[in-house]
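Each structure below appears as C-alpha cells.
Each of the two complexes below includes chain A, the first together with chain B, the second together with chain C.
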Partner chain A sequence: MRVEYINPFVEAAFNVLKEVLTSEVKRGELYLKSSTQPVMGVAALVGLAGNVEGRVLFDMSMDTALAIASDMNGEKLEKMDDLAKATITELANMITAQAVTKLHELGFTFDLTPPAIFTGENMEVTDSEVEALIVPMELSYGKVEINVAVRERV
Partner chain B sequence: MDKMSSVNEVINTAEKEVKNIVDFKMVTFSLAGKDYSVDIMKVKEISNANKFTFVPNSLPFVKGVYNLRGDIISIIDLRIMFNLPATEVADKSLENLIILRLDDYQLGVLVDSIDKVVGINSASIQPPHPIFGDINIKFIQGVVEHDERLYVILDVEKIFGQDEEFEMIPPPQENVPAFGTKSPFGRTAPTAGESGNLDYSFIIENLKTFKKFTVSDINREWFDRRFAEWTKLKGNKTEELQLKSESDAELFLSGFFSLATGRFWDDTMLTSFEKILPDFGKNTVSVWNPGCGNGYEPYSAAAVLFKKYTGASIKIWASDNDLLSISNAPNLVFKRESVPEILVKYTTESTTGLQFNQILKDVILFEYHDAMHPNPFMEVDIIIARDLLSFLNANDQARLVKEFEDKLRPGGLLIIGNNERIDSGRFKYIGNQYITGYIHE
Partner chain C sequence: MKTKMDFPSINERKPEGVKEDGSPYRVLVVDDSMFVTKQISQILTSEGFEVVDTASDGLQGLEKYKELYPNIDVVTMDITMPKMDGVSALEKIIEFDKAAKVIMISALGKQDLVKKALLIGAKNYIVKPLDRVKVLERIIQSIK
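Here is the complex of A and B:
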C-alpha cells in the first residue's frame, strides 16, 4: 500500500474513536496481511474508488460492537438491533470520511461507497491480489481492527 | 447504390475466400471440458492404449513408457502436467493417446478425448491472451475459432522442448525447488572434521535465528568464504566460533551487505549500473524495487535511468515491509555532502532540509508492501532486489526467484546483492564487482 495512505487512516481512526467514545484508545502495531483472514463477528465495510480501488473493513467482536454502540448512544443496548448496526455503520463512515478528507488535502482523490455491515459467526474475508494493512485499535471494550486494502489503479 | 452494394459484395467474397483457404490443420482434443488443439504436422498418429509400464522416480505427470510397435515412447498425462482434474479411467478401458513427433523423438500424451481434424486459415489464429488461466501462456501458440468453438492451440515444441523440459512447470505435489532447500546439515563443511562441520551448521542456524539470514545457494559462496575467515579470526574453538547474540550475528554478516546500503550510490556504483543497463528500445521503463529500505536505492537508480533513457517515461515501484524505513522514504531529508553529483539537480530546499523535487518524486511510488504477498502489477523491465533474497527462508527464496522470472520481461535486468548469486538457466550474469546483474533470457 502506498506509504502516503497509511497515516491518514491511522490518524483518522485514532481521532474519531477518541472523540466519540469515553474509552481509552490505544494504537497497536501496524502490519500487512495477505490471504484469507477471519472476521471477528461484526464487520462494517466501506468501498473506495477513484485514483485507487479497494475497501476499508472495520472488524470487531459482537460484544465490542455492542459496547461501542451503547457508548455512542449513551444508553445500554442489549442486542445488535437496527440502532446498534446504524451506529457502527456511522462510526465506519466517520473514520473513512475523515481519512479520505485528509488524503484529499494531500492531492489524492477517492470516492466512498455507503457503508455496509455484516454480522455473523465464522466469517472470513479474502482479497485476492491485494494485501491489507491492519491497524489494530485497543479499546477498553475490546479490539477494533481496521483492515485497509487499497491499491493504485494501474 | 446498387453499384456500391455490389462492390461491397465483391470485397466480402474476397475476404471470405482468404478466410476459407485452409493452410493449417490441427488435431483437436479436450482437456477438462475445454477444447485444445495441436498442429497436425507434429502429430504422428492417434492411438488408444492402457497399461503403461511405470517408471520409478519419474515426475508425477509421466505415466510411464509404452511400446509402440517396437519403439519405446514415454507417456505424459497432460491433465496432470497442467494441473487439470484428471478423470479416473476404469482399470481396463483404453485411454486416448496422441503420439507426437518432435524434433528427434516421439512422445505420447494422454488427453480426455480426441475430437477431429480441423482445417483453418493460419491468418485467423489470434495470439494468446494473458487471461487464460489454466495453462501457462508460454505454452500457447494461439487461439482460433472454428465452427463456433474456440480452440487453444498448444505449442508442443515449447512444452516438451529439450532444453526447458519440465523445468518450467513444477510438479503439483512436489514443492521442492531446484535449489535453496537443501538441508544445511546435509552438506559437508569446508573445514574438515566433525567439529568443523557442527560449527558450520550452528552458525547457519544462529544466523537464521538472530537475523533471519538463510544460507542457501544464493549466498553460499560468500558464506563459505566468511566462515573460513571467521574460523581464522576466532580460532577453532566451538564456543568462540558460535554466534551467541544478535550483535555477534551482525558482526558475522558485516561484510555481506551490498555496496552503498542505506546511503546514496557513489559514482562507481552509478557508472557500473549505467553500464549494464540494456537498451530497451521503447519509451517506457518500469522498475520494481522490493526491499528498498529508506529509499536511497530507488532515488539513486532513478537518476541513472533519467540519464540513460532520456525522454522515456520511467516508473519505479519501491516497496519495503519495514514500516519505519519506508515511511520516511517519500520525504527523505539529507545533507548536501551525501548526495552524488548526478542527483544534485533533482534536489530542492524545504523547511525541513534538503529534499528531492517533484520530478524525481513523481517517478517513484513507495509502498508498504511485503514482496511475498501478491505483487499486482504487470511485467517490468528492471528488478532491483539487493540483499533481499538472503533474508527470506529457503522456500520463499525459491518462490521469489520464480516471481522474478515471471515478472521480468525477457531481456530485462535483475540486480541482486553483491554477495548473492542466482544459478538459473534463465538468468545470464552480466555484473561486475560493484553490481550483480542478470539478464533475463
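Here is the complex of A and C:
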C-alpha cells in the first residue's frame, strides 16, 4: 500500500482530534500489520470505493471511546449508548471528510460509506487482499489507531 | 460593603438569542446525528435561543417547519441526511416560505452543495467541527 493514502488520514485525525478534544494529541510511529489484527473494543469503519478502494478503521478501547465521547459532549458518559456511538460516528465523519478533501485534491476519486461502529471484545479484522498501515494517535486517555487498508482499483 | 455596586455585573449583556421584546428566537434543528443536534442545542440555549423542535432527516424537517410556521425564526440544516437531504429540504422550505432563514451545517469537502444551498436561498453555512463562537456568529448574522 502506498503511504500517500494514509498521510491525509493521519493529518486529518491529528487536526480534528486537537480541535474537538481537550486532551493533548501526539502522533505515534507508523507501522504495517499482517493480514489479521486484533481490534481494541470500539471501531468505526468507513469504506472507500472508486479509483482507490478499501477501508479506514478508527480503532480504540471502550474506555478511550467513552472518554472521547464524554470530552466531546462536555459531560461524563458511562456507557456506549446511542449518544456515545453518535459521537464517535461524528468524529469518524469529520476526520474522513477532511482526509477525503485532501485526497480529492491529489486526484483520487472515490465515494465513502457512512461510518459503521463495531463494539465488542476479542474482535479481529482481516484484510486478505490489501495490507494495512496503522498510525497510533496518543491521547491523555488512551490511543486511537488510524488503520488504513486501501489499494488502487485494478 | 458596597461590593455589588462597585463591580459591574457580568450578566448585564443581553443574550444574543433574545429578541428586542425579550422573547427568544425559536430554532428548529435538523440533523441525523444525535451528537450534533445536542451540540447545536446546547450552544444555542446557552445564548438564550429556544430550540422548539428537532428533526432527524430532511423530510421530517420540512414537515416540522410547516407545522411550526409562522412560530419559527431560524432553521439549522445538516446537508447529508437519510430520506431527504438538507439541500432538497431547504428548497422545499423556501418554496413554502420565501423568507425562511435556514443555515446549512456541512462537513468539509461539500463546497458544491453549500454553494447550491446558498443559491437556493440558505442564509449562511457552518462547517463542522462546530465551535460555539462560529455557530453563534453565523446564526446571529442571519437573523439580524
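In the analysis below, the second predicted complex is superposed on the first by the 153 of 154 C-alpha atoms of A that agree within 3 Å, B and C clash if a C-alpha of one lies under 4 Å from a C-alpha of the other, contacts with A are read in each partner's own complex, and residues count from 1 in each chain.
Simple rule for what comes next: a contact is a pair of C-beta atoms (placed from the backbone, for glycine too) under 8 Å apart; a residue touches a chain by one contact, two chains touch by 3 or more.
Small disclaimer: the values here were computed from a predicted structure and weren't measured.
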Quick one: chain B and chain C on chain A, clash or fit? fit
Touched partner set for A:Met123, first chain B, second chain C, both or neither: neither
Contacts for A:Ala86 in the overlay, against chain B (first) and chain C (second): which applies, first, second, both or neither? second
Put simply, what angle do chain B and chain C open at chain A, by C-alpha centres, to the nearest 10°? 150
Does chain B (first) or chain C (second) touch A:Val25, or do both, or does neither? neither
Once chain A of both complexes is superposed, is A:Ala97 in touch with chain B (first), chain C (second), both, or neither? second
Is A:Val16 contacted by the first partner chain B, the second partner chain C, both or neither? second
Looking at A:Glu131, would you say it contacts chain B, chain C, both, or neither? Reply first, second, both or neither. first
In the overlaid three-chain picture, which partner chain does A:Ala49 touch, first (chain B) or second (chain C), both, or neither? neither
By how many Å are the closest C-alpha atoms of chain B and chain C apart after the superposition? 25
Would you mind listing the overlap between the chain B footprint and the chain C footprint on chain A? none
Residues of chain B touching chain A in their complex? 321, 323, 326-327, 329-330, 365-370, 372-374, 376-378
How about chain A: which of its residues touch chain C in the complex? 16, 19-20, 72-74, 82-83, 86-87, 89-90, 93-94, 97-98, 100-101, 104
Residue set of chain C touching chain A in the complex reads 33-36, 38-39, 42, 107-110, 128-129, 131
State the interface residues of chain A toward chain B in the complex, per the touch definition above. 1-4, 6-7, 30, 32, 34, 128-131, 133, 151-152, 154
